[in-house]
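Chain naming follows the written order as A, B and C, and within any one chain the residues start at number 1.
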Amino acid sequence: MSDTLLQARQIYKAFGGVQAVTGVDLAIQRGEIFALIGPNGAGKTTTFNVISGTHALDQGEVIFDGHAIHGQAAHRIAALGLVRTFQNLQIFGTLTVLENVMVGRHMHTRTGFVTAALRWPGVRAEERETRARAQAYLKVVGLDGRADEPAGSLPFGQQRLLEIARALAAEPKLLMLDEPAAGLTRPEIDALNSLIRRIQAEGVTIVLVEHDMNLVMGLANRVAVLHYGRKLADGTPAEVQADERVIGAYLGVGWDAAPAYA
Amino acid sequence: MTLLEQLAQYIVSGITLGSIYALIALGFVTIYNVTGIINFSQGEFAVVGAFVAITAAQKVSLFRGQAAVGLEWPLPAAILAGVIAAVLIGALLYRAGIQPARNASPLSQIVVTIGASIALRGLVLLAWGTDPYRLDPFSAGKPLRLLGAVVTRQSVWVMGLTVVTVVGLYLFFRFTLTGRALRASSANPGAARLMGINIQRMGLLAFVLSAGLGALGGIVIAPITFMTYDRGLMLALKGFVAMILGGLTSPVGAVIAGIALGVIESLAAGLLSSGYKDAFSFVVLFVVLLVRLGGLLGARRGPALERAGL
Amino acid sequence: MKSPRTYVLIGLLLAALTVSACGGAPSAAAPTSAPAATSAPATGPEQGEPYLLGAFFSTTGPASSLGEPEANTVTMLAEQINAQGGVLGPDGKLHQLEVKMYDDQSDATVAVEVVKKLIDEDKVTVIVGGSGSPASIAVIETVTGASVPFVSVASSSKIVTKDDGSQHQWVFKTPQQNLPVAQVQYEWMAAHGFNQIASLGVNNAFGADSMAALKMLAGEEGMEIVWEGTFEAGDTDFNAQLTAIAGTPAEVLVVHATPGEGAPLTVQFRDLGLEMPIIHNHGIGNRAFIDTAGDAAEGVLFPIGKLLVASQLPDSDPQKATLLQYQADYQARFGKPPSTFGGHAWDAVMMVKGALEAVGTDSAAIRGYLESEITNFVGISGIFNITAQDHTGIGKESLVLVEITDGDWKYVDPAQYASVP
């Protein structure tokens, strides 16, 4: 069994006439935290969207856990164990906090409309179990106290935690986080840092796109740097930071200043 | 009747009629929330449901007397038959008409539903002709009196069934996995897909639910207003007005607006001018559209669908 | 590039349109002709050119419950006439009667189109038809412009009478006027001593004409219309109007409607528990009313031509034999009893047949015959005496009051008015 959980080969993606991703190869190992970085417009969000199946790719292939997932319907990719969050949050605002997480368990529930009608006791039991598990995931992110509030009424930082809790409820093999620290305060980022470590400790592989270099360099086991839609380098944070091409691409500017490109 | 008793009567009659508008509007909202489509064959579900129920319950001759049907099933079985027939048509419409066009614009899909409604109306006309049909009242007996107003037993059935249906739907949406998945799909279809929810299945479910709601409305009102092949259009328009009055996406709003519309119609017809009952609903619609036209157009195509990249 | 899905979509729409077109009505383009008998009698007068009769009825659409028995009656009469060799014309020859018949789809616009087609393409010289009052009124201008006589089978007085009270030169009609209908209604009310009336009618030519007749006679009959209201064709809920009536001192409700609205209206009237009697006009004179209104129809009264209760008429009635013959013929040919509307078509065809026998196919001559020679014509709708001042020619003697009892029509003798319902 391969240690590579997700393999992207020679992926291309253009929007109109603009080539956003050009021939990128990525290999993400089981259990690692993998970060995609690069200046704005480097194609990292597009790469992220293409390998998570959110956008169709023009060329190339994406193999996840032995399945080719490019061109697959989003709900099938999710069912294989690849779940993502969004930089601009995608919670179910009109549902309660708890219900959001319960929906996250959707693919681990088996009741269709017909069984729901025929096996009422089984449905009730499943409903109870789903509720209990969702409560547990809320506890993991520290939102258990706000379970019955409408999700849309939570402050931004907590909505982000809710989205992560909902993703965890899906019991993913690969959790893809799209700029999880964007818009968070310093203390919230610290809490996020430890939350992501705990998730890794549970055996979940994590891919993240992130601007906050302190967060990335502290968390990631491996980093890929994108520039003008091409992969410039990949390796451990230390290797990447020492790479001449990377330093060149960032015009010699120190890592801490990189967000200034935003 | 004194004026006060008359007022009570207008309100009772209005609530009865409005209950049907509410059920139709609920169907509209359900489909709109999940699929972004306004299903103009919603009224036809009521017509088909009622005609199938009438055919199952009573002696009926079809195809201009070419075929005589005398099933005379008990009422609950006939109602079930009507609902099932509409549900199957709803499922067929989704599978054969909407799903294949899922990449087309919502407007194109709406055109499909208009086409389906014309087709269904034609089929009903072929089978049942132009005569009005009546379903026997669900229970016999003297009407009840409420503040001097007459409440027929069938009116009680209409209001009762509407309440039961609305409460049942509420419980379904709130406390079942499937109901929650439907709500999630309407709140944020893109995110729902990423949670492994099959949006197409949810769309199918929305059509099936709406067809059932429409059929139930058509069946329960048939003993009072009878059913003719061309009722669907007017029912759909009234349900559509109620949907818009109720805020387009709100099931609760649709129910309240549907009932309010029935009462407004009844009061206007009774107190102002009896001949232009239908006109009042459309005046109300016109005013509402004028007042919140921008909000209406921008409402739902906006955030949820755009964010999901649809 | 069009995806397969696009084609599915287009196909579905086409299917929808096709089905609706079929369901709505067959195309008006092709007339249905009653076949001329293939073999002429071996003996008797010489065979001449067929005589053409133009006809149009609402065999589909909302007025099809009127149009279908009318079209059937025309078909049946043409068969009967042709089986006897045809129409014996003034030239001494027998002429097969060839009917050019169209469906106006219960649409006044289509009616005008098919009448133009009858005149311009089929070259007919006389026309019968126009199931609905709106369709009949719509074609007045066309037939007048072309100088082709038209015998309408619809009831509105506006079909034959201009606003100044004179008659349209080229138009006749066979159904009774609404005025004598109102006269019978008032006779019945007088027998009960009622004098306060609520009047509720459909907001179209039929209802308006009937309501106007009731109103016109109210003064001279010593009656007062205390409430008057309308509803739209296609309405299904009448509780608002009925509730308003319940708040008036009206002693009786007069309804001007056809079964489509008349039946639910009557059911809702009974459901509301209104205790005043309800009297309709002749618009509800077909089985559909009894079938759909059910128990609520019991005790409903309405004046109408004698056909419905032909067998119950006293033997002294001069129309009785004609009525029973038509009933028997129609029943034998179509397997169901005829309706009053079919009777209107019978009158129209038989008047025209008389004209063809007397004067041949010249339009002006036919018109002259219809206006001056129809005297004591015993028809289905009444005994006709058409004059230049009255292109209908039947009065209240042609009408009887009918009560719906035990799911059937019952003839009410004028002496018994006070005891019904």
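One rule holds for everything that comes next: a residue touches a chain if its C-beta (ideal position, glycine included) is under 8 Å from a C-beta of that chain, and two chains touch if they have at least 3 such contacts.
Because the structure is a prediction, the values reported are computed rather than measured.
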Topology of the chain contact graph, where touching chains are joined (line, ring, star, complete, other): line
Chain whose Cα mean lies nearest the overall Cα mean: B
Distance between chain centroids, defined by C-alpha means - subunit A, subunit B (Å): 41
Subunit B-subunit C separation of Cα centroids, rounded to whole Å: 36
Inter-centroid spacing, subunit C versus subunit A (mean Cα positions, whole Å): 75
Multi-chain contact residues (two or more partners), subunit B: none
Subunit A contact footprint on subunit B (complex, rising order): 175-178, 180-181, 183-184, 186-188, 190-199, 205, 208, 307-309
Residues of subunit B defined as touching subunit C within the complex: 1-3, 5-6, 9-10, 13, 16-17, 65, 96-97, 100-101, 103-104, 108, 111-112, 115-116, 118-119, 121-126, 129-134, 136, 143, 150, 152, 154, 224-226, 228, 230-231, 234, 265-267, 269-271, 274-278
Of all residues in subunit C, those that touch subunit B in their complex: 3, 5-6, 8-9, 12-13, 15-17, 19-24, 60-62, 64-65, 200, 203, 229-232, 234-237, 239-241, 243-244, 246-247, 259-260, 263-264, 267-268, 271-273, 288, 291-294, 336
In the complex, subunit A residues that touch subunit B: 54-55, 73-75, 78-79, 83-84, 86, 88, 90-95, 99-100, 102-104, 106-107, 109, 111-113, 116, 123, 126-127, 130, 166, 170
